[in-house]
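Below, subunit A partners subunit B and then partners subunit C, in two separate complexes.
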Partner chain A sequence: MEPKEQSKEKKEKLWFWNWVIASVIFRLVLIYFPKNLNLASRPEVSTPLTSLRRLAEGYWLKQLSMSPYAGSMYHGSPLLLSLLGPLTVKRIEGQPDHLLCSLVFVIADIVNAMLIRATGQNLQMEYTRSLKLLDHVKLSEKPEIIPSGDIAALVYLWNPFTIVACVGLSTSPIENLAIILSLYGACKRQAPLAAFGWVIATHLSLYPAILIIPMILLLGYGTDTPPRKLFLQRRNVEVGDNPPNDRCCEREEVVHRSEVPHVFSWRPVIHFFCWTSLWSVYVLVLCGISVKQYGGLWELFKRTYGFMLTVQDLSPNIGVLWYFFAEVFDFFRNFFLIVFHGNILFMMLPLAIRLKHRPCFLAFVYIAISSMLKSYPSVGDSALYLGLLGLFVNELADMQFSFFLFCGYVGVSLLSPVMHNLWIWRGTGNANFYFATAMAYACLQIILVVESVSAMLNHDRKLRKPLTELQDGKN
Partner chain B sequence: MSLFRFNYRHMANTLSLYRTVKRLGIPDERIILMLADDMACNARNKYPAQVFNNENHKLNLYGDNVEVDYRGYEVTVENFLRVLTGRHENAVPRSKRLLSDEGSHILLYMTGHGGDEFLKFQDSEELQSHDLADAVKQMKEKRRFKELLIMVDTCQAATLFSQLQSPGVLTIGSSMKGENSYSHHLDSDVGVSVVDRFTFYTLGFFERLNMYNNDSLISLFSSYNPSMLMSTAYYRTDLYQRHLEEVPVTNFFGSVMEMIHTDSAYSLLSRKESFRVEIKMSADKSVPDKKRLMDNPSRLDQISELNIEDQHGALKRIWSTIQKEMEKVEDVDAFVSYGLVLIVPLLTVSMWLTW
Partner chain C sequence: MAESEAEVPKAKPRPIVRLGIFLISHSCLFSVICCTAGVLTLLLLPVLAKNTYISENALMPGSANPMFSSQEVSEANRLVKSLTSLDSKPVGSGIESQRLIAEYMSDLGAEISYHKFYPRSNQFHPLHFFSYPDSGSTRENVSCISHGLNTVGIIRAPRGDGKEAIVLVTPYNSLKVGPGEALSLGIAYSVFSLLTQVTWLAKDIIWLVADSRYGEYAAVNAWLRDYHMPVFSGLSALKAEICPVSNVHNELKENSVTERKINDGFRRAGTMATALVIKVTDGSEHFEDSLSIYAEASNGQMPNLDLINIVNYLAVHRQGLRVKVEKMRSLINCKWLKILGEILQSLGHVAKSLNPQWKFGIPAKDYVEGAATLASSLYYQALGVPTGPHGAFRDYEIDAITMEISSRVALNNKARKNDFLLRGGRLIEGVIRTVNNLLEKFHQSFFLYLLTSPSKFVSVGVYMIAFALLVASLPVVAASLYADAHKVDPSFGIDKSTPQASATDELSITPRSCKWLNAAKKVFLVHLWGAVVSFLPYFICQIPSCTPTTSFVVWVLLSSFSLPILSLILGSSFSYGRPSQPQKRDWTLLKSVTISAAFIGLCLMSVINFATAEIGALLMVPMCLMAQPLKLDIRSRKLRKFLRVACNLALGFLGFPPAGFFVLKGAFEGFGGITVGDFWSWLESIWSWSSATYLYIGWFERTRS
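After this line comes the complex of A and B, so read on.
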């Protein structure tokens, strides 16, 4: 049996790495197409926050000793400007433009995939361990558990959205890298890494700040486990089995059985907060020095976070905010800004309460909601949560409407450029055509979130059933 | 303001005064010139594109840099009043507007045919004295001038400003009610009179002046000899508060700006040097220039923070030291790149520490 298993494992690994290398080659081939297939000019791919063209403009302004935020082109972090700026200027003879930046994005994608795979492996390991603690019947019934880490990594790499975001010169691979780094760090209980990832993710785009709750839950409780109730029930069942004659033994057994991660350990969380403050001070000092000549930190915050929160640029994208804010009266503008951004915040607490035993899945749901309701969404954000969806294939195997969602995503991604062309270039359509696809996209995302959460909760209920049967049998 | 060739002298009057006023320092952007402008390129002008105000033809008034703002059919009473009151259509360009504010000194010179309480415009309209008074009153309400000098060279000129009541207005006319103003001499070559007497003697007064003379207005007004003018040059000072002995003619006819001389350089791009220069300045001068204070408020804040250090807590001190250190960093880009590169080893060290 041993050599056969080993060869099977080797085959699986080979298969995985083949696909990874194939995706990298595919990306490189696409980069060498003329003008990056004009993907960088698609509104779905490059938004005012992620466009590399704007970054190049900001860098050029900085080289002229002007503020990179003058002219309202660049709205990102000055650190990203120092990192990617020099690369946008270097040109190599005979190679496509921005080759170095594209290579950076490809590398970022590869690192993302590796981190997702590692996170998935970690998750799966912890999950099987907690299922074993439950002594679960189901475990024996299902010998074939799909390696969710590999699947998720491959889904991330081969998702057309990710490829388009990478080849289309948007900075979303780097933002995704920060978010995945923080998730990985939190899953591995590495407080400095998680803190660093979270600080950088919040600094680059404001919305990952809501991931603080899953971070705290991950560091405190550990990774995804079945609900606490099951462990308590299991312990009761075990206690009921043994007759209460040997008290000390029983207590030991009880203690031994309840060695499950219910207890919220504060130490990693406090470490996390310390490291967060350290990294934030570091990042703020660097940013402050970068922009001290151009108005200081307040000006920086106004131009980056202020721009994101007040939705100043109303050019069309795949989100729903631009259409609305193009027609809202000035008097109500602030009110509706608060409503839209509050929409993300309202959902945080109920989801956290319901899904606190599954912080990784909670992080996925938060990311999905924020990429739907953020001010300038792009397909790069969707790439992230679709990749993370792959981490939960085992639990979400019974998700309803999966085929409908798949077809819907394909349909929207095909129709959206067509509608944009009809509206802008041919003039035979109008903004409603394009906004219809954006609304359909938002609906699909909502359905995805709702269905995945209900599938996960159903899975938890299914776990509970054998235990209740066991208990009923005893009673 | 007058059409037709036999009104050559009106155009010459205006252009001569235009030239004088420019010579004494007023730039074109601050002059609104309204001319019928049909003289220089008239088919009957023996000297095409040339206008003279003297029979010796020494000076061509229609030279290279004459900027006429309103010409021909644009010279109407309506446009004139619009210029004065500033009530233009949206499309009117800035060069045709009187862009004055409450500190401006305005010189208004009008010449042409006139009569009892009116001035003729283009031989078809007239500007009446109460129209002018109304316009000036509006100007005063809207605070479009501080001092206004109206100089009129027509027949019965003094009647044109008889209705004025706004304060800050000084007026002089070439003749009184019932008197005519006469032209100075006839140029037999051009064939018409080329200049009026009042303007001729005014120009004569100004020819010997330059920008820095401070001859007073009273010397100008008393230079008019009624026997030479063949009319009485009458001026009204009841609306003007200042004494005419104290007001230099360049108050209206020229442009001498008050300049404050500072020693330090003003650098635009190289901000690093400017900081160093300013440190030296504040050390030398006990009372820094007002302009300096406006330029670098951040430095002042720092100085003030150092002074009142004792009052605030330790946190403020730490923040001010951090700010000082940040200010000291000269090569920003290198520092930021080093900072970014430093993240990687810091991260690995921290991860190794908490393993």
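After this line comes the complex of A and C, so read on.
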């Protein structure tokens, strides 16, 4: 029995690695046909912030000792410029342009998948442990607990959005890498790593700044568990009945152990803050050095974060803001800017209160919301949250409308290029055609967030049900 | 768009939920009603057609008196005469006629350039649809021996800024100038000569004398490609390496009085506002001089309706020509269509007698004619092959039509011929003058429409209703099947479990929502197979020297092999020895996924090319709805079931041969040599068929299990 199981496990592992390697090969094959695909010029893939073409332009300007931000071409971080910039100009004979950059993005994707897998394993361990604590023996022992880490990693790697973002020369794999790194660090409770990831992610794309709440919760409470109330309830049940046998003592011990992660521990959080300030000072100094000749840090903030927050570039993308701000009267512009960005902030606190026992899931929800409401969304952002969605495959198994959402994503992602073609190349459509798909996409994302949150809450309720029954039986 | 329809029934508010549940529970009835309504609306379209109107106010067609007079007619006659006299001489007529035309043009003071092109071998690229036409594909293998030569003359407008142009195209075969071609050249020349003198011209005029030795479309397309993609020195050097620059230009320039005016370089005149292709045929008409309009470009794109309106208006009201558009002749004598027309006519009468303000009845004859025109309009749009050289313009967002003027009798009589030339010339002058008034591009009127007669059209808002009704049943049926599959599920979960354990059992049954994943995987596999099958011709094209038949055989063999290979790679989903109990549920899920995939596909196609989607929907919707596993049906021997099986088989047969037919035709014409866009459009149609084939595969697979 035992060796058989082991071999099965081995086989499964092999299966996972096979798929990972296949995904890498698939990407490399796609990289060698860049001309045909022309992905780098798709508005869905490369936004003003993530386009590598713009980065190359910025690097070119910098080589000419001009400000890389001159002419409103480049709006990313100067660190990324000095990291990726040299790679954009290096050409290898007979190879496609930007081969090195593409390879960097492929590597970033693989690292992302590995980090997601490690996070998933961590989460799953916690999940089975808490199920054991809650005495859901059946649930915890059944073989159907899917290895969520593997699933999530494969979902991330084989998601067409990820592949397109990786092959389409957008820098979003690197931004995603920073975000996932911070989540991983927080899950492992390594404050320096988490702080580094968070600082870099915030520096690169600003919106991950809101992840600080899940970070603190993760470091303070530990990874996702069922609500704390359940454990208290469980203990009450235990205390209520005291048949004198060994099992009880064992359980009590277990219950005592279970209390430990549910007390907010300040130590790692303070560590985290210390490291955060350290890293941010470091990043700021580096930035300051690199933009010293070109107007200093203030200019940098204006050209990057200011560009993001004031939505200056109204070229079409899959978000909804470009159309809105193209239509809105100028004197309402500031008001709506505040409204749209406030939207993200308004949702933070209620969600944090409701989902504080599941910080990883909270991070997923935050990322999904911000990728819906951010000023220049691309499919790379969707790739990230869809990958993270795979982490909760056990909890969200009963999600409603999953089939509908799947169909919707497929439909929208096919319809969007067609509408763009109608509008731009054929001239028979207009901007409304394309914007309609963007709206449908936004609706799908909203449904996804709403349904996943409600499925998660339902799952918690389900966990509570046998406990309350037990309690009622006692009383 | 219609995706939201599927979502609406599931949304939160109470009445909508109830409505959704109602629809889903009566999905069978609903789908039958929807399908019939869809077909009926399609048949009603000729009645619903509206009269065309000129939507852009700036055009003002026919507001000025024509300046085209008998003087221009005599010029035209001069050219025709010299062309025909040249044609009687046997030697070297190819270049001679070009030079002759160029001489005539330069006498008028126009800028002239020759455009040499090589007919390119038909290149098909599967991904061209999403990018700009022909972007970056300059390195084609050209055969250096055969080349065509277009002559291009440009008049600079006295009031223009050289940023806009109107194009006149006269395709003609330089080796053998027919009488019709000579006349069309004559008309174009006379208009051209008039336009050199007028003062009102605000847009440059380009006269492209297209060398149609290798096909009219190829010549025009080659010129347009070079017009829009400037060749830089590096590339031209590369080209020169391939083909040593022949001394055609020098040859042409020799002995030419007007040497200084002929340029080697490519002359341009800004963006093109519109293009008119002029053709003349003679002697085929019985009643009066007539004008046929051809408008369909690749992938079912149409020029702006205003362009057709102008031509129609000027031809009918100014020149007294009879305007025709293409019809399906076979439908005109169709019995049932006539009967339907009669019924509609009498219905219209009844309605009129009830309330004189209801005027929806049209005479039966009009109905039949309209239906025939509509059918041909649908057919050509669905085919996606342009009906003339104007199709090349639409790829560059230029509105263009072909005007084929045909006379009543053979044009031997001189006075008759002069009259004909006068009318043709005035018509073209009028159209050019009207377009010349245009301030922007054509944008005011419709791009998406179907014609039921030259002066009647069905707009997108109307014909989409027919399509939406036809397709609306798909998401509802998919939802109901999906719900069914889930209803079956808990029952088998519960009957095993004791009441105490039900709570935990509820948790432990396999995650419900993920069951469709297996079905989705299967459907994805078959779709992938369909995609592979439709991409295969591209690779087969690369195989040198093979006849259409052999390549077709290769294709069939490869595609049938690729399915097992694919299924092997993607985790053998086909080889399950499935127990009989969950079979039904699996089937319902599979059908549900299939139907939703078909729905997405049809909606996409309706955006790309409505006509293809409509015809595809007519075939696929009943097929999707009726498909049932054969085995289950056969097991229960009932008459009703048997009927259903028979129906299924019949539909399957009906559906498959067209698929085969389309594929066959696509393959043959593809290898024979049509252009990129066309072949893509063929593939597009095949793509829509591949979604039909997966149904069969799914179906047959069911039959096997």
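In this text, the second predicted complex is superposed on the first by the 451 of 475 C-alpha atoms of A that agree within 3 Å, B and C clash if a C-alpha of one lies under 4 Å from a C-alpha of the other, contacts with A are read in each partner's own complex, and residues count from 1 in each chain.
Note that a contact is a pair of C-beta atoms (placed from the backbone, for glycine too) under 8 Å apart; a residue touches a chain by one contact, two chains touch by 3 or more.
Quick caveat, the model's predicted, so the values are computed rather than measured.
Asker: Count the residues of subunit A touched by subunit B and by subunit C, then name the partner with the higher count.
Answerer: Residues of subunit A touched, subunit B against subunit C: more for C.
Asker: Please work out whether A:F404 is in contact with subunit B alone, subunit C alone, both, or neither, and reply first, second, both or neither.
Answerer: second
Asker: If you stack the two complexes on chain A, which partner ends up touching A:F196: first (subunit B), second (subunit C), both, or neither?
Answerer: In the superposed model, A:F196 contacts subunit B only, not subunit C.
Asker: Which of the two partners, first being subunit B and second being subunit C, lies in contact with A:A436: first, second, both, or neither?
Answerer: In the superposition, A:A436 touches subunit C alone.
Asker: Touching A:E469 in the superposition: subunit B (first), subunit C (second), both, neither?
Answerer: The second partner, subunit C, only.
Asker: For A:V285, select first, second, both or neither according to whether it touches subunit B, subunit C, the two together, or no partner.
Answerer: In the superposition, A:V285 touches subunit B alone.
Asker: Answer with first, second, both or neither: which of subunit B and subunit C does A:V328 touch in the superposed model?
Answerer: neither
Asker: Mind working out whether A:V29 is in touch with subunit B, subunit C, both or neither, as first, second, both or neither?
Answerer: neither
Asker: Both subunit B and subunit C touch subunit A; at which residues?
Answerer: No residue sits in both footprints.
Asker: Which residues of subunit A touch subunit C once you look at their complex with the stated criterion?
Answerer: Interface residues on the subunit A side: 35-38, 136, 138-139, 142, 144, 397-404, 406-408, 410-412, 414-415, 417-419, 421-422, 425-428, 433, 436, 440, 443, 447, 462, 465-466, 469.
Asker: Subunit A touches which residues of subunit C in the complex?
Answerer: Against subunit A, subunit C makes touches at 1, 3-4, 6-7, 10, 125, 127, 129-133, 135-136, 301, 397, 441, 447-448, 482, 503-504, 506-508, 510-514, 516, 520, 592-593, 596-597, 600, 603-604, 607-608.
Asker: Can you list the residues on subunit B that touch subunit A in the complex?
Answerer: That would be residues 269, 271, 322, 326-327, 329, 332-333, 335-337, 339-340, 343, 346-347, 350-351, 353-354 of subunit B.
Asker: Hey, which residues of subunit A end up touching subunit B in the complex?
Answerer: Answer in residue numbers: 65, 78-79, 82-83, 190-193, 196, 271, 275, 282, 285-286, 288-290, 292-293.
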